[in-house]
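Below you'll find the structures, each written out as structure tokens.
Shared between the two complexes below is subunit A, which has subunit B as its partner in the first and subunit C in the second.
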Partner chain A sequence: MSNKTITRDQLATLLDRLVEKNRVIAPVSDNRGVVRFGEIQKAGDIAWGFDQAKVPAKSHFLPQTEELYRYDTSGGELKIEPVPPPRPAVIFGLHPCDLKAVAALDPVFDGAFKDVYYLNKRERTVIIGLSCRKVLPTCFCRSYGIEPTDGQGADLMLTEAGDGYYVEILTPKGEALIRDNAPLFSDAGVAEGRRAKDALAGELAGQFQLNVDLTGVKAKVDTMFEHPYWQELARKCLGCGICTYLCPTCHCFDIIESHSGHRGCRLRCWDSCMFADFTLHTSSHNPRSTKKERVRNRFLHKLSYHDERYGLAGCVGCGRCIAECPVNIDITQIIADIEEVD
Partner chain B sequence: MKTVVDNLRREAARLLAGDEVKMVIGYAAGTDAARTTPCFATTPEQAALLTWGPLCANNLVKYLLDYRFEDTRLAVVVKGCDSRAVNRLLQDLQFPRQRLVVLGVPCGGQLDRASILSEIPPGARLQDIEDTGEDLVLVTDKGRLSFPKDRFLMDKCYRCETNMPVVADFLAGEPVPSPAREGFEHTAEVDGMEALDIADKSSFWDNEFSRCLRCTACRNACPACSCKECVFEQAVPGWQQSGIIGSKVNSLPENAVFHLIRMFHVTGRCVDCGECERVCPVGIPLRLLYRKVLKDARILYGAGTPGMSTETVSPLSEFRPDDPEEFM
Partner chain C sequence: MGIAENCLMPLPATIQQIIPETSDVNTYRVTLDDPEAMANWRNRPGQLAMMSLFGAGEAMFSISSSPTQRDYLDFTIRKAGVVTKALHSLEVGGKIGIRGPYGNGFPYELMKGRDVLFVGGGIGLAPLKSLVELMLDDQHRADFGKIEILYGARSNDDLCFKQAVLEEWPKRPNCEVWTTIDRAEDTWKGHVGFVPAYLEEVAPKGEGKIAVLCGPPIMIRFVLIGLEKLGFKNELIYSTLELRMKCGVGKCGRCNIGHKYVCLEGPVFNLIQIKELPPEF
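Then we have the complex of A and B:
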């Protein structure tokens, strides 16, 4: 199927229609202007004009709190009630960095151990990507080889063009969505759409203020496990979870139980390697007992371990941690420092 | 401001060179034009990295807790609001006075990062900051950016109680005018909240708490939170988590418990430095909660803002044999 275009109004109609049979997840703004991916009831709920969702799209595939199963032991017997499979979903509005981040999460949950909770949602979700409209001062995805108009990882990729969108069809899932809603899409203006996208790509490429050179960084950081640099860097860390919770590729979780009487459920909750109790053993030994070990682990994970395990970068250059860290721990500065230190 | 920075660097270098302290905790240039970053100078040469100005919102006193069980002497740079936290930690015996050198800075108000950020051209590098009296001017390689003080300071600054440190061993500059403004009554918003009916109050806070990410940045930045093991971080196995307060579940009830318990725990300790609200990534108006507690303590016990001196005892830390509450 060849690429299409869709007007703004028709896109709203499409999303309104998708809501009938799917969970539709899109950037929504709360009363204080914080944008995150949330379920919408109609296209009008979307924070159109958002630059970057503060809380990334991982919250759809790996919710902050997720029920794994329920149990009931009343009557002396254990009954386990699995959670029903998720409804089909459409997630709209992922920028290229967030698309790349989902790609970085996939092998974590689809490796030797198949995580059905993640994979069920992943398989039943159509991803509609959206090209960026501007480059933020904290954006550095380009250093990771991502262009702000890249559709890789999306089923459909939308780019604003004129008074509508240029639609690239990238997977059979995306093709099926178009086929089911064919009258809303058009073949008119496809060539202009393509040109508008190319022009936007060129314009955005020139807007990057933050660039890092990643050449040799992994090799260098791999030799730095015992380097005093981590101690110096960690001094300013507060040990909060902002960077990990807002990171689109961070995926650590803790499993806990919530029960009352004979009934209960098992829950999976986001956890953070920045928290002091993250690696605390029952014996009270903690292999990452100070901020130094914890900060080092986070950056080694971003700059080395993820790559080592999955052949994919653990950072996508979205810049959320840079924008939100209350003490200005800045991964681009760290990358530059790694290149500098002896 | 230049004089203050020079004085600060000179004193820090002197303290480090003479081995009077092992480390000076202060501010250094940040990675963008609208911020600084905490700096931990351990050599006289590193003292040259120290800076000071209206981009130094962080309360550095919290970091003292990282060194409370060591035997090294430290120096820390404090503004007026931060200095109250020094007194509180001293009162709670969380840090010994003899191991501490307090470097005070006169503060004319801190710029609100969220407000100024959109005015700053991307990639601009900060070269200097000028204070014209009315305005703070950020001089960058991409132009001069003027911020009128009556619009761009942090909200807490307009309600400033002490813009000069209440405790300092060294003062890096002459007193400057307080950024406090008329019309910013200390309790105005608390009064407004109290005037709401219960349902409106409840829906206001339900909305705020349900937005919480539970990143714990508010707690971790808070100088009143000095517990080594937090009540919300008890080492309890996963299958027993429902028996404790504050599991990692993000839900309205759990989030509300987190914030309300924190509110009670910091009663009499919260110095109103505003760090909780500054660091919150989703903009929960946390100071409103804590200012309610400050107001109540003022009305019920005649207590002033904690940390104004080491002489006044926090109402909830004081023991009196004639306390009307019998179980005490």
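Then we have the complex of A and C:
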């Protein structure tokens, strides 16, 4: 199927229609003005004009809190009930960095032990990507080989063009969505759309204020486990964990208990390697007992461990950790420092 | 979706027997409620399972029974934290959840044809016991050479599996057992002293021999030094490493040592592998 165009109004109609049979997830502004991916009831709920959702799209595939199963222990018996499978979903508005981040999470939840919660949502979700409109001062995706108009990882990729959007159809899932809603899409203006996208890509490429050279960084950081640099960096870090919560590739979780009487459920919740009790043993031994070990673990995970395990970068250059760190710890500065230190 | 396809969902299980080991350690003999799940359960010696206490949480334990024993699973557990306190409050017939098995376990196939020395400290004998009993089992005994076991604990009360360690194992052919406690007690007629020091005293020959150890980190550190001095080869020394775990399946991100997950690539590592790990365990 060849690429299409869609007008703004028709896109709104499409999203309104998708809400009837799917959970539709899109960037929404919460009551404090924080843009995050949330379920919408109508296209008008979307925070149109958003630059970057502060909370990344991982919150759909790996929710901050997610019920795993329910149990009932009444009468000395034990019943464990699975939760219902997820409804089909459409997630709209992922920028290229967030698309790449989902790809980085996939092998974590797949593999010999399959995480059905994540994988079922992945399987039942159509991803509609959206090219960036501008480059933020904290963006450095291009250093990771991502262009702000890359559709890789999306089922459909939308780019603003004229009064509407240029629509690239990238997977059979994307094709099926178009087929089911064919009258809303048009073949008119496709060539102009393509040209508009190329022009936007060229324009955005010139807007990056942050650029890092990642050549040799993994090899270098792999030799730096005992380097005093981590101690220095840890002195600045507050250990608040905001970087891990907002990181689109961070996936650490805890499994906790919620119960009342004999009935309860197990929940999985985002957790953070920046917290001291994350690795605390019952014996009180703690392999990462100080901030130095925890800060080192985070940056080694981003710059080496993820790549080592899955062959994919553990950072996508979204810049959220730079934008939100209360003490201005900047991963691009750390990458530059790693290249510098002896 | 069935329970079996969901790696985070426990299987219902029942405590069949509680065997007191020390004043704060019990062995819980457990069966899975679904007879088919019990019949299909296979684990290697040294593998782990996640135990669920409903109302308290989950925690990871090694399976202390031999894999040749197919009717039940034993878990030898000290009362220490929230989950283990909840477990210790249960009686026979109590309901728990089990998921697993997890981890690599001991590579006993590579140990065939060799003499094997076990060094255990305190409750650290639990994972070793699964391998000792597999090797001592009639069906496997001829595959292995001499079996030596050096086991110590803080006190006489802290020695686990006393029946096996003091009575049964020493009577088995080609099997020698040394036991020690840290400080002298009136009730104890045996050796007194720390495990690493006793190892130096007993001085088993290391040449061509496998060593398998488990115990508190401080014991492991000094025993490793002792074993190298005795001529044990690094690739023939196996130790288990213990880290906090939540998922057991390489996703929750907390049991990593460098880029390795102990729940997947461990808990058993040989000394060459341990030396390659960053010192963060």
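Following the convention adopted for this analysis, the second predicted complex is superposed on the first by the 342 of 342 C-alpha atoms of A that agree within 3 Å, B and C clash if a C-alpha of one lies under 4 Å from a C-alpha of the other, contacts with A are read in each partner's own complex, and residues count from 1 in each chain.
Note that in this section contacts are C-beta pairs under 8 Å (C-beta built on N, C-alpha and C of every residue); 3 or more make two chains touch, one makes a residue touch a chain.
Small disclaimer: the values here were computed from a predicted structure and weren't measured.
**Student:** Which holds for A:44: it touches subunit B only (first), subunit C only (second), both, or neither?
**Tutor:** neither
**Student:** Is A:280 touching the first partner subunit B, the second partner subunit C, both, or neither of them?
**Tutor:** Both subunit B and subunit C are touched by A:280.
**Student:** Between subunit B (first) and subunit C (second), which, if any, makes contact with A:107: first, second, both or neither?
**Tutor:** A:107 sits against neither subunit B nor subunit C.
**Student:** Going by the contact rule set out at the top, does A:216 touch subunit B (first), subunit C (second), both, or neither?
**Tutor:** Neither partner.
**Student:** Quick check for you: in the superposed arrangement, does A:305 touch first (subunit B), second (subunit C), both or neither?
**Tutor:** second
**Student:** For A:327, select first, second, both or neither according to whether it touches subunit B, subunit C, the two together, or no partner.
**Tutor:** A:327 sits against subunit B, while subunit C stays out of touch.
**Student:** Check the residue A:257 against both partner chains and state whether it touches subunit B (first), subunit C (second), both, or neither.
**Tutor:** A:257: touches subunit B and subunit C.
**Student:** Which of the two partners, first being subunit B and second being subunit C, lies in contact with A:80: first, second, both, or neither?
**Tutor:** second
**Student:** With the two complexes superposed on chain A, say which partner A:116 touches: subunit B (first), subunit C (second), both, or neither.
**Tutor:** Touch partner of A:116: subunit C, not subunit B.
**Student:** Where on subunit A do the contacts with subunit B and the contacts with subunit C coincide?
**Tutor:** Residues 254-257, 259, 264, 271, 280, 282, which sit in both footprints.
**Student:** Taking the complex as given, what residues does subunit A use to touch subunit B?
**Tutor:** For this pair, the touching residues of subunit A are 30-34, 54-55, 64-65, 135-137, 207, 209-210, 232, 235-236, 238-242, 245-246, 254-260, 264, 267, 269-272, 275-277, 280, 282, 284, 291, 322, 324, 326-330, 332-333.
**Student:** Looking at the complex, which residues from subunit B come into contact with subunit A?
**Tutor:** 30-32, 35-40, 58, 62-63, 66, 120, 122-123, 207, 211, 213-217, 219-221, 233, 235, 237-242, 247-251, 278-279, 281-283
**Student:** Give every residue of subunit C touching subunit A within the complex, in rising order.
**Tutor:** Within the complex, subunit C touches subunit A at residues 1, 3, 5-12, 33, 54-59, 80-81, 84, 93, 95-97, 216-217, 242-244, 246-247, 249-254, 256-259, 264, 278-281.
**Student:** Quick one: in the complex, what on subunit A touches subunit C?
**Tutor:** Counting only subunit A, the residues touching subunit C are 68-69, 71, 73, 76-80, 82, 85, 108-109, 111-117, 120, 225, 250-257, 259, 264, 266, 268, 271, 273, 278-283, 285, 287-288, 293, 297, 300-301, 304-305, 308-309.
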